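A, B, C, D and E label the chains in the order they appear, each numbered from 1.
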Amino acid sequence: MSRTGVFICHCGTNIAAVVDIAKVVEKAKSMPNVVYVEDNKYTCSEPGQQAIKDAIVKHKLDRIVIGSCSPRMHEPTFRKMLASTEINPYMLEIANLREQCSWVHTDREKATDKAIDLVRMAVAKVAKNHALFTSSIPVTKRALVVGGGIAGIQAALDIADAGYPVTLVEREPSLGGKMVMLDKTFPTMDCSACICTPKMVDAGQHPNITVMTSCEVEKVSGYIGNFEVTIRQKATYVDHSVCTGCGICELKCPSKVTSEFEQGMAQRRAIYKPFPQAVPAKPVIDAANCRKLNGKAKCGICQTQCPQGCINFEDEDKLITNTYGAIVIATGYELIDWKSIYGEYGGGQYPDVINGLQFERLVNASGPTEGHILRPSDGKEPKSVVIVKCVGSRDPNKGKGYCSRACCMYAAKHAHQVLEKIDNAQCYVFYIDVRTAGKAYEEFYTRTLEDGAIYVRGRVSKIYEEDGKLICKGEDTLSGQTVSVAADMVVLETAMVPAAGVEKVATLMTISRDNDNWLQEAHPKLRPVETHTAGVFLAGVCQGPKDIPDTVAQASASAAKVCGIFSKAELQTNPMISKVDIEKCSGCGDCAGICPYKAISMQDMEFIEHGKKITRRVSTVNSGLCQGCGACVAGCRPGAIDLLGFTNAQILEEVDALCL
Amino acid sequence: MKLSKSKVNQALDMLAKEATVLVPMIVDGVSKFAPWGTEGKLALDIVNTLLPPKDALFPQTEKMYKYKVSAETAEVKEITDSDKQVVFGLRSCDMHSIDCMDAVFLTKGYVDNFYSRKRENLTTIAINCTKSNPTCFCDSMGVDPNNAASADMQLIDIGDAYVVEARTEKGKAVEALWQPLLEAGEGTATPISCELKLDMAGLPAKLRGMFESDIWDDGYQACIGCGTCTYICPTCYCFDINAENHGQEGVQFRCWDSCMFSEYTRMAGGHNPRPSKKERLRNRFMHKLAYFDERYNKNLCAGCGRCVVNCPVNIDITRFIEKVKEVPVNG
Amino acid sequence: MSDIQQELRKTARELLESGEVGYIIGWGKGRFANQTHPIFVKDPAKVDELVWDDYCLSTLAKYTQDDKYPEKKIGICVRGCDSRAVNRLIQDHQLKREDVYLIGIPCSGKLDPETNEPAKKCVECAHRNPVVYDVLLGSPVEEVPQPERFKEVEELEAMTPDERYNYWADVYDKCIRCYACRNVCPACNCRECYTDQYRVGWQGKQNNRAENQIFGITRAYHVGDRCIECGECQRVCPMGLPLMKLNRKMLKDINNLFGAYEAGLDTETKPALGHYETNDVEEFM
Amino acid sequence: MSVDVEKKNVDPNWEPKILSFSCNWCTYAGADLAGLNRMKYPENVRVIRVPCSGRVNPQFVLRAFQKGSDGVLVCGCHPGDCHYVTGNYFTRRRFLLMQRFLEYNGIDPRRFQARWISGAEAGKFRDTVTKVSNDIKALGPNKKFQESWYKERGESNE
Amino acid sequence: MVEIERECSCEKNPLVPQVCQIVEITDETPDIKTFKVKTMEGTKPFAPKPGQLGMFSLIGIGEGMFSITAQGEDYLDFAIKKIGMLTDALHEVKPGKQIGLRGPYGNTFPTEGCKGKNMLFIGGGIGLAPVRSFIRYAFENRKDYGKIDIVYGSRTPADLCFKDDLFKNWPAMPDTEVHVTVDKGDENWNGHVGFVPAFVEELNFSPADTIVVLCGPPIMIKYCAQSLKKMGFADDQVVTTLEMRMKCGIGKCGRCNIGSKYVCLDGPVFTMAELADLPAEY
């Protein structure tokens, strides 16, 4: 008996091109409880929304159905619009006439029938909608940032500068991530260490930031504003509160280990700082390689040598639990293991075939060769260097299908560095395309060409060693000839892949991953830094390959989102949650067993039944914890618990309406 | 006139030409009144069928009117189709049930048109009982097993044939139809009476005063509140009205309902005048034995014994009647 | 048989006189020899109404649902099926163990009053001895293994979908929706059954094939993972519908998919639909 | 379980009505993505959006067949990927049982399908929908469980 | 002392509604609305007697039995309170809506039996609706009746329904007194504050030659009956109506029985004497 208004959108021609809007409008007029139907070129536009508001007043409507694009797109928009009218924002249903009708069908008549069905289903459902109201929950104004690379650091700094406490968790012994490994950064060629380490130091010293290195997130529960996070502080066997970072222990430590930071091209000790400018600049003991800890010997030299006595071999992992209002994930990336995939490039048997990060270490002043480009095999300076791009990227059958975006630019940078550092060197760059989609990127690329880098359009098909030279065979598709270059050293610009262990973090935060395991953003264009789990945001390459400028931009964006949450005293909860009808509830407790968020608890309540006072066990829902999934509702046989917004009655109406 | 038993099938075929003929049959192991022609075994020998013939006149689900609704307008169209029916092989207890339903649906201020249409199109052909089940007690309830007085035609079983006694226009019409099959001959059947005897004298009046008596405090607990007794009872006629809605059109129908169901009298807002099984069982027995008598001075229990046999926890109206007898008069 | 009856009456008298039990639910005689039905004895003098004979077929546990907040304990005679029904009600949080005093009686099977042959539900019974009791009358009987627990189900599964549909369509055409199967079943213990909720509109009140199918299948699905196979639904059905074939199909699938399962043997094993395993069978990839 | 013999006399231009319950976070997003990429699939499937596949009560499937739909498709996130962590584990158990129970009661197995389709698998959504539509088009209209109102489309119904 | 007439007539099928139209809806109180109903031809659907009921059907949603509070040349008035599924839907309906209506059902107030007597009408909340049909009849045949007293109470001033009758039309009637009370007053309420039963005792009516018509919530009826007994009114001097769940409305479906009486046919109007010997099951 309600008065429903139906508004069909043309969406320009997106819907109108395939669906016969006039026929849908005509049919909508005869649907139950519909008293007003109108179509509009752009319903989501300002005039479109105003037309709806006017119709509400003019025709005294109390329920709205909009046939437009996917509710996932504009349901929030239309709900905000309704908030400014006297209709409750939840007396609204949206029929998906674009993504699931006009865009995916070609037969005009059948698509129109389907559109009419979808509108009829929405009209039937809206008849059973109830006004819903949000309730508020407190916000813990403390942020957690997972991942200490440039993305994590930037996000932490921005949030801390806004005055909120931040915990910055990093798995490795030091902040810095991949950026601190680089030598120069394109296109300005300023030294990466000079722009990254100051930020690391700021983060290390910022009063609002608690840096927790050698830590991993162990357990996450709760919801936006009230995340209960347990962090595992791995045993580092060095008491950082006492250690002054003098470095004596590193000198004295007898066991040598290949350094991960130096990409395996140098050694480090069992007790080590990954690199000189590490933040915190204090060593940790790598238990696997420390002779005392892995039981190979009785060593303990570092303990005896340490003037402050900060070495403690009985250190153990500690679990620290705290509540956080929001979480930013910045777990970054790593380079694809090309050796196991590309046997044709030598599969790792030629030491002089290295990847981009190894080249960065070579050309870096604090690297193993103090900045001189020397061949890892014999330490000589290579006269001719071949750079191979798209190794693992844009290669769906062997590597990854996507383009890793940054390698075109840092390949040009590498070529520029080779030509600049090695006099009369020869540098060949095998490429498919050169993508310079950034500010001053194209100019940087043309300058590299002017420096004399030779760009060969084609993939390298094979690399093999022939009398001391690495022969790179390929094809120059522009001239159509096969090309082979004898090189002293080959740099493979390999694809970016998500950092190892990202699955665990994603499952903890209940966020999903896309086909290539990058973390799934809420919407690629409109909500790139948000996830589907409210209060969890993404920054940097963990969301997909990108270069440093985009990473920093995303970091600040996610920081802005976090500050948005913290700026409010309380948060509005999602009103579409479960509700129990205690008259029908028999207290069997099945729903409590099903709820993944432990939002349902069984409580004893007083009742008067046939004049006798009794206590009876019934189910109660914690409106803060309930996320509105409805698994409990489908598990409740009498339907005592129902999900507001998707009640049993509503869905039954939709099913009935569909089959008319 | 006489109809030999060997010609019964033929007689039924003749009747079946212009009307649906309901005969007692065993279909899929269930004895009920089924249209002549459904595959199953004709069961004229059993005393009474599990399902009574009441659904010929008062079907379990009966569509009353179709409707079309729009935001403003509404349209209603009564469903009036009802074809001719003949019930063959009625026992006196089933005929008593039809009498009771006639009293309810055709008198007291309103005539139920759905029922009256079916009643006019119905011809009842009763057969006297030649034996009684141990649970039959119809003669104690004022029903004569040998003769169903109000039937259109009474057949009297005299061994190999039935003596045909047409009583009403409809009965005479059937007799005329059967003329070629009938032979001359008379005969009387040895009257029978039920083994189970109950003393019903003065019981309705006595029971009316016993609403608060403690006889009700025991014997109700075993009841599981299902609808079996009321749905297979030939004289239960309570019904519910509901709508089968399909978007903007639908059908309003009425369907059997049982006073033994827990939500039968539950009102909006939860108040229930008969909250537990004790009140519901009291109401059922009182209605059968006292209330109906006060209103239509006829027993609403035909003594057919169906509820005594089929109640899963044998709540037994006969033993209740005996218990009422024992209660001292001012009790 | 009669010495157990004597012991039952003796135990009943002691319990009632000692006041430990408010009343005792057992079986008593009807008018005819083959009529035995549940009775509720409160007065010690009336314990002789309690009988133990070949026709004690009704399960008694569900009557506790009419008196959910008893002042004193309720005495219940429990055979194998009744004791599983008690476990069922306890596990569904509809009954507290301390509210009932269970008089365990090993049962070697009862007779069907109409045919006087062993009742179908007793022939198929796999747990004749009570699984839970406070006192046990007589010595336990020897259990009869049931290898053909799912034979009837397999016979139906062998048919083609159309044959099966017609088989069940005939069954549902006979149903008169008296709800006896629901009201007697210990696993059907909701406060307000979904069939009575017209406002939501799950189930129509009409008696036609479609509505009966919806009721039959929904009820079997609701109790499927908690059915204790007491066979009462099939016994009380006035139209003799083969309802156990529905419940046993659910149990057969649960056995195959989630591991061997018998409901009501204890109050810990969780019903299949109440929990999950991450490595459940995967068919929807 | 043996499968229904294909009905030969299905008239070619009959369009089946197929109902699909799609979970808002994965399959509905996948369907939207299929739209974004302008993939094409038959028009027979109407999608009902539910927050999680765990919200789909098997009684809705029964209801769909009763009210005249010819096929039902329940879709959700891949187990382990559920936005609500454990929703689809329950979906899996419920529909493992209900699928067999529907077959046991006579519904042809191809009329009821459940699929895990993630937010990125637009192709899989299109292929599933296409396959289900073609299967059911071959099977012909469903008459089982249907209220007579739908069998004769309204006018005369018993 | 008063015999209640039991006769009902309805030519067409009593169970099939006639399509009528709601022509006007007036808000009496926040949860009570009066629906003015006419047939599609604009005439009066049927001619009920005071106290009779009509089965009001929102086709496709449900049916409900409501008292006919007033009638005119070509309309019937139903005052309906918002308490359940059907009434919720009804309160959202706008004028012009076509509905189903069948009736009249039930017996009537003893208009003939009370001729020449003083009348004491007592109403509580929505209970005034059925009583109002008799009050209006009494005023149309004013000379047939003696002194008329009307006592009406509701929870708050805002909940007083038929305000123009209470404060304008009825007080102006000859030899008529209107006494209005509320359970809880508010700032601009200067009338009596208190429950109806206590108010009746305060007004201390004499039982001589008077018939009481009493309708309202069950607890009010219970306590008013006690007050009236204290003031010397005999049981058969007090007439009331009962509220039961009714389905068919014509005494067939067995739903609304109290003992052997059907509220929809033998009631809803009963004298207190009759109620006394009905089983206490309502």
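Methods note: contacts are C-beta pairs under 8 Å (C-beta built on N, C-alpha and C of every residue); 3 or more make two chains touch, one makes a residue touch a chain.
Keep in mind that what you see is a predicted model, and the values were worked out from it rather than measured.
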| item | value |
| --- | --- |
| Chain hops separating subunit C from subunit B, counting only touching neighbours | 1 |
| Chain located farthest away, centre of subunit E as origin (C-alpha) | A |
| Chain occupying the middle, per Cα centroid | D |
| Chain pair with more C-beta contacts, A-E versus C-D | C-D |
| Euclidean distance of C-alpha centroids - subunit A vs subunit D, Å | 32 |
| Chain centre separation in whole Å, for subunit C relative to subunit A (CA means) | 54 |
| Length of the line joining the C-alpha centres of subunit B and subunit D, rounded to whole Å | 46 |
| Per-residue multi-chain contacts in subunit E, two or more chains | 61, 85, 97 |
| Subunit A: positions in contact with at least two other chains | 3, 583, 594, 635, 648, 652, 656, 660 |
| Residue list for subunit D, restricted to those that touch at least two other chains | 58, 63, 80, 86, 90, 94 |
| Complex contacts: residues of subunit E adjacent to subunit A | 58, 61, 89-90, 92-94, 97 |
| Residues on subunit C engaged by subunit A in the complex (per definition of touch) | 68-69, 92-94, 189-194, 197, 199-202, 222, 270, 273-275 |
| Residue ranges of subunit C in contact with subunit D within the complex | 153, 156-162, 164-169, 194, 202, 208, 210-211, 213-214, 217-218, 220-221, 224-225, 249-250, 253-254, 257-258, 272-273, 276-278, 280-285 |
| Contact footprint of subunit C on subunit D as seen in their complex | 1-5, 58-59, 62-63, 66, 79-80, 86, 89-90, 92-101, 103-109, 114-116, 144-148, 158 |
| Touch list for subunit C against partner subunit B, complex | 30-32, 35, 37-40, 58, 62-63, 66, 170, 174, 176-180, 182-184, 192, 196, 198, 204-208, 235-236, 238-240 |
